[in-house]
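Okay, so subunit A shows up in both of these, paired with subunit B first and subunit C after.
Take a look at the complex of A and B:
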């Protein structure tokens, strides 16, 4: 019964968030000053021509008609034609871009979670110098602006040392020279190293601190003392018992990180000219490309909402107290 | 309880396995790449072409970068200058321009103009084919002109209104009748008039949503990944001969830093540097060469001539004398470019009048003009008889070089007692205010001029263009200039038009709706190729340059 109530509560929350998202998603791009045509303006573009492009873009229709068309589009998966890459459908752009962002941020999140957990656990268990080093370095990593770190890595490893590429997601010469699948995958991984490290740097710090705090709480529990008293070795206690109990807060943290990942990806993808959703959003904002903004915000926020829902449900599953 | 603890152990194993796998993959990737000389080598000079020897078009790739992606790749329904830059490599125009910016043969090898300036007869080259093998004929040209007239494409409104009708006299001769004489017609065709194949476009029912990139130019379209790159391939059947390299890759960079990094790492061969880029860092790379090309870019201060304090010509002239253009050129443009006098750039050498009055820095003359304008200086502030203070807001886009220029101006005008408030807004907001509503006092701007000066002078200074969204955002209303503009547009010959253009330059300079600051200079960083040849306005980005350059080594 309790579980069912919890499920209904979470789903209702999800539903209302989704409705608000739908409206904001339509309004926010339109509240920005300027219009999608202003960037085309030059001495050849007469006011009549500007109006004509607005008409092509469907922006001369009344706002409520635009909203209804948008709602219809959302439920049929048709977000319209991009203004920035006219006349490419927004759905095509998202299908092209989303996998790259999921690849970057997914890899970065998983690696950062694993590394953060292990290091946080060690820091809390060992204390002393290891602990101080871990805490100070993660504080430092968390304070570095992501785009700045990206630029530093870019200049150091891309320009000075020339060990990593400076931009893009794979080498274009593969297209013109024709390369095998293996070469392609290699080029892909090679291009993703710097962006992933940049994204991870921020996440690892946060994960480490949370894991450390949670471990410190856990190891004060009576059962740990008991296990110690029974003479279990450290490894068994830490990895067999403390790890699982201390990991719970990590789950929430990863869910919350999904939100950061979206904004972090904007900066990192821009620095590395990495063609993911972040770069698409950045370019669409500059161009006031309403359909692309609606489409990509919709997908990104839905991803975050779903991630939060899954975390909530998992949490309820793992910790029965939450359900009450 | 013991069983549940087992999950922790499994998790641990999974963690270790994942970390090991990732580390192994990273190691493999690193090891296989450390042997390579550059980070992401395109096959430019080190490419396969060197080994084959002799065969003229090598398999080399020329990689270049854009800071702004193209929007619409349609030869009729294009939107931005980047679009046009790419399209002009795929589609040729009937007429081109030479190094002085005057009409030269394109698809048409010659032409004649009737005495009244209203009938143009073009003779096409006979050996031109479309990239699908079909011949290009006079019917394609006629079809293109009619196509512009049938649909209302954003950039073809003026041309389609000007063309009365076009007929194919035979397969290679086209006769065009204009509604009125317009000497600029040939120059407009050179800038915009890309010819499209009839056999393809006659089947396209909605040219606003559909496009086709079979052209007649030196490059064929291969692929485009939005936000990433555009790949073009040399056209082996191009009627003026094939380019000396095989692929032209245009990478889209989201920031100047990443483009410069790519240039320095050797993965980009050609890059137009944004204004004010420091060249000292780049010149430390022996392989990178800097090429200057004449630019038609003009930088100016625009004032709303209908509102206080700039509704007084004397005040505008005073401000013009109070600004040290040389200091602005040195500090904001790092001396790249030259001080401007006329609204026409000297890169359009046929049209530019070097005698146009230059407001040379002279603060005491500025003070004198302010007094003539009825202002008196009391306790460090200029006030007129109605008690209005001479302070105003300078609205600028929050980007280089505007912020630097505004800071210098603020300081210089401050020295003679004029307080300037600088308001920096994002570029779209700026366009919305300045071009949309004209609700500003003073602003800074730049234009890249077209070959036909009237395409710029008419929208910028004709009083009919001063309404909302009109480009006469100085809201400049002067009947003499209006009638000069009309006479220039209706000129039967370029010589007559030139006379009027000279008069417009003088009149605008005297009335100063705009204070001209600087003429730009296009600076390109290039490597791996030789024989670069620039033209005005397009710089190195012109098909003739892409036909001339050859890979080194």
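Take a look at the complex of A and C:
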């Protein structure tokens, strides 16, 4: 199976998963007890008024018509109006919030991959005490509720020591003082330090374990023994040969992690009041803002599917067995 | 009828009776199990340790740091944090273990046919598994959780719905390799039905894998149970560590730096989840399965 076959396979998977997402997003509110609007139709309203609301949401039409209308909405980016920020369209909210979530998750993913890669490599190469310390601490990291780590960091560095901001994504004072682009970027980075560290904590643990396992497999291979026998020094073998071969399984793992990273972002943004999609979802939960929840779920899942596709294609480019 | 046509030595035939004994004979297993049992029993011993009921309001001055009267301080409603901490472990462990059991049943029903049938049905099940593996967990639980409303059973249901894909994938790939083995081919040659082969021949050979994976599911479920409770999808009246953190956040304990209300529940979750991780490591050794 060469590159073309691989491409077709990944695109087919993307297509099917997109179909499943479309159907799932349509069915969830309709499979739940009661009809989708029973929660916000006031029972004191007259039956005529209730019917009017149902009609407004298109819920009096046959199911297949509802599905077609839903598809039309999805493909024109129309997810209805938010209850919480009425009458702002859900799509407007999402367009404002999504970039910040992408920034947080993207940075955390890349940094966590690099750190996990180096530490996993070291753990497997050094063995002994370094190795077991690495394994147990990454297990502890994975047993840690991400959002709680965020709360503790926030209390320690934000509230008590006051070295990092406790909320937002840039200093609003910059808006009035009109600081330059550089100051703005500086403020952005400064506000993202704690959220990114929190988000990374879990990812590093998983990456380390996978990198360690794949390094252990790689260094057992003949060519490593041969290089050693020829008297190459450790550094050259590890960074010149083992690293490249052992990091491929980790790249696949990054793809699988995507959904988890998005979940982490929801929690981390809530803790740090970071105005991305996650905070939007949290606010929508508290306000029982169904259209926003529905739209956010759809867009977050779609983003994850696209990210997975990108990682998979990248993997295809890097793995010579596929690239051929 | 067990066919041994070059088949598996079937580790499970040694029986699970002595499993507990062998589990605790190793420090990992003993510590892991000890920590879990400790936090499961503490809620019942709580009345003997502290005189304040966990949800009783106004038993102390609100927002007070730890003192000898309240070793972990008080909440904004003047509740005793120590009492809440002692009571808070049962809900996550309960929800986690129930999710582990339900998920394992679902894995048996989905993963075995997914690996066994190479035709349409198998491919469809594999595709569904792969897609569910990718869908962002938390937004999905939140969406369904908001529609279903708060109850512990609903929490178990939504957690089960999102926990099965990972173990299912691991088990399905094991089934895929088992079905080429002699004992399965032999059973087929003797005219055994598909159901008989899947659940009589293959299932016993993946039981160990399912058991060890169910522990990973429990850890996952405990962490997500606390997370969704923190986000306000918990059961308001059930004392749990996730709820404690939700109320702390809602009453502004973070902004005013009330660490004594925030640190204990998180350490509790960490301890229980780590306990299950140790148990998992030990079980992996005992059952002879490599998951990664």
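Basically, the second predicted complex is superposed on the first by the 254 of 324 C-alpha atoms of A that agree within 3 Å, B and C clash if a C-alpha of one lies under 4 Å from a C-alpha of the other, contacts with A are read in each partner's own complex, and residues count from 1 in each chain.
Criterion: a residue touches a chain if its C-beta (ideal position, glycine included) is under 8 Å from a C-beta of that chain, and two chains touch if they have at least 3 such contacts.
Because the structure is a prediction, the values reported are computed rather than measured.
S.K.: May I ask you to decide whether A:154 touches subunit B, subunit C, both, or neither, giving the answer as first, second, both or neither?
M.R.: Both partners, subunit B and subunit C.
S.K.: Does subunit B (first) or subunit C (second) touch A:144, or do both, or does neither?
M.R.: Second partner only.
S.K.: Could you tell me if A:17 is touching subunit B, subunit C, both of them or neither one (first, second, both, neither)?
M.R.: So A:17 only meets subunit C here.
S.K.: Comparing subunit B against subunit C, which has contacts with more of the residues in subunit A?
M.R.: On the superposition, B touches more of the residues of subunit A.
S.K.: Check the residue A:282 against both partner chains and state whether it touches subunit B (first), subunit C (second), both, or neither.
M.R.: After superposition on chain A, A:282 lies in contact with both partners, subunit B and subunit C.
S.K.: With the two structures laid over each other on chain A, which partner does A:290 touch: subunit B (first), subunit C (second), both, or neither?
M.R.: The second partner, subunit C, only.
S.K.: After superposition on the shared chain, which partner residues are touched by A:272: those of subunit B (first), subunit C (second), both, or neither?
M.R.: In the superposition, A:272 contacts subunit B only.
S.K.: Once the structures are superposed on A, label A:164 by its partner contacts, choosing first (subunit B), second (subunit C), both or neither.
M.R.: first
S.K.: Just to be sure I read the superposition right, which of the two partners does A:87 touch: subunit B = first, subunit C = second, or both, or neither?
M.R.: first
S.K.: With the two structures laid over each other on chain A, which partner does A:304 touch: subunit B (first), subunit C (second), both, or neither?
M.R.: second
S.K.: Across the two complexes, find the residues of subunit A that touch subunit B and also touch subunit C.
M.R.: In the superposed arrangement, which is not itself an observed complex, subunit A uses residues 32-33, 151, 154-155, 159, 166, 270-271, 282, 286, 288 for both subunit B and subunit C.
S.K.: Inside the complex, what are the residues of subunit A that reach subunit C?
M.R.: Residues 13, 16-17, 20-21, 24, 28-29, 32-33, 139-140, 142-149, 151-152, 154-156, 159-160, 166, 209-210, 213, 256, 258-260, 262-263, 266-267, 270-271, 281-282, 285-286, 288, 290, 293-294, 296-297, 300-301, 304-305, 308 of subunit A touch subunit C in their complex.
S.K.: For the complex, which residues does subunit B have touching subunit A?
M.R.: For subunit B paired with subunit A, touching residues are 4-9, 11-12, 15, 18-19, 22, 25-26, 28-30, 32-34, 38-43, 48, 61, 63, 69, 71-72, 79-81, 152, 154-155, 157-158, 192, 208-211, 223, 225-229, 231, 246-247, 249, 251-255, 257-259, 261-262, 264-265, 267, 425-429, 431-432, 435-436, 447-450, 455-456, 459-460, 467-471.
S.K.: Subunit A touches which residues of subunit C in the complex?
M.R.: 127-128, 130-131, 133-140, 142-144, 146-148, 219, 223, 226-227, 230-233, 245, 248-249, 254-259, 262-263, 265-266, 269-270, 273-274, 276-277, 281, 292
S.K.: Touching subunit B in the complex: which residues of subunit A?
M.R.: 32-35, 38-50, 52-53, 56, 81-88, 93, 96-97, 110-111, 114-115, 117-118, 151, 154-155, 158-159, 162-169, 171-173, 175-177, 186, 189-191, 193, 239-241, 243-244, 269-273, 275, 279-280, 282-283, 286-288
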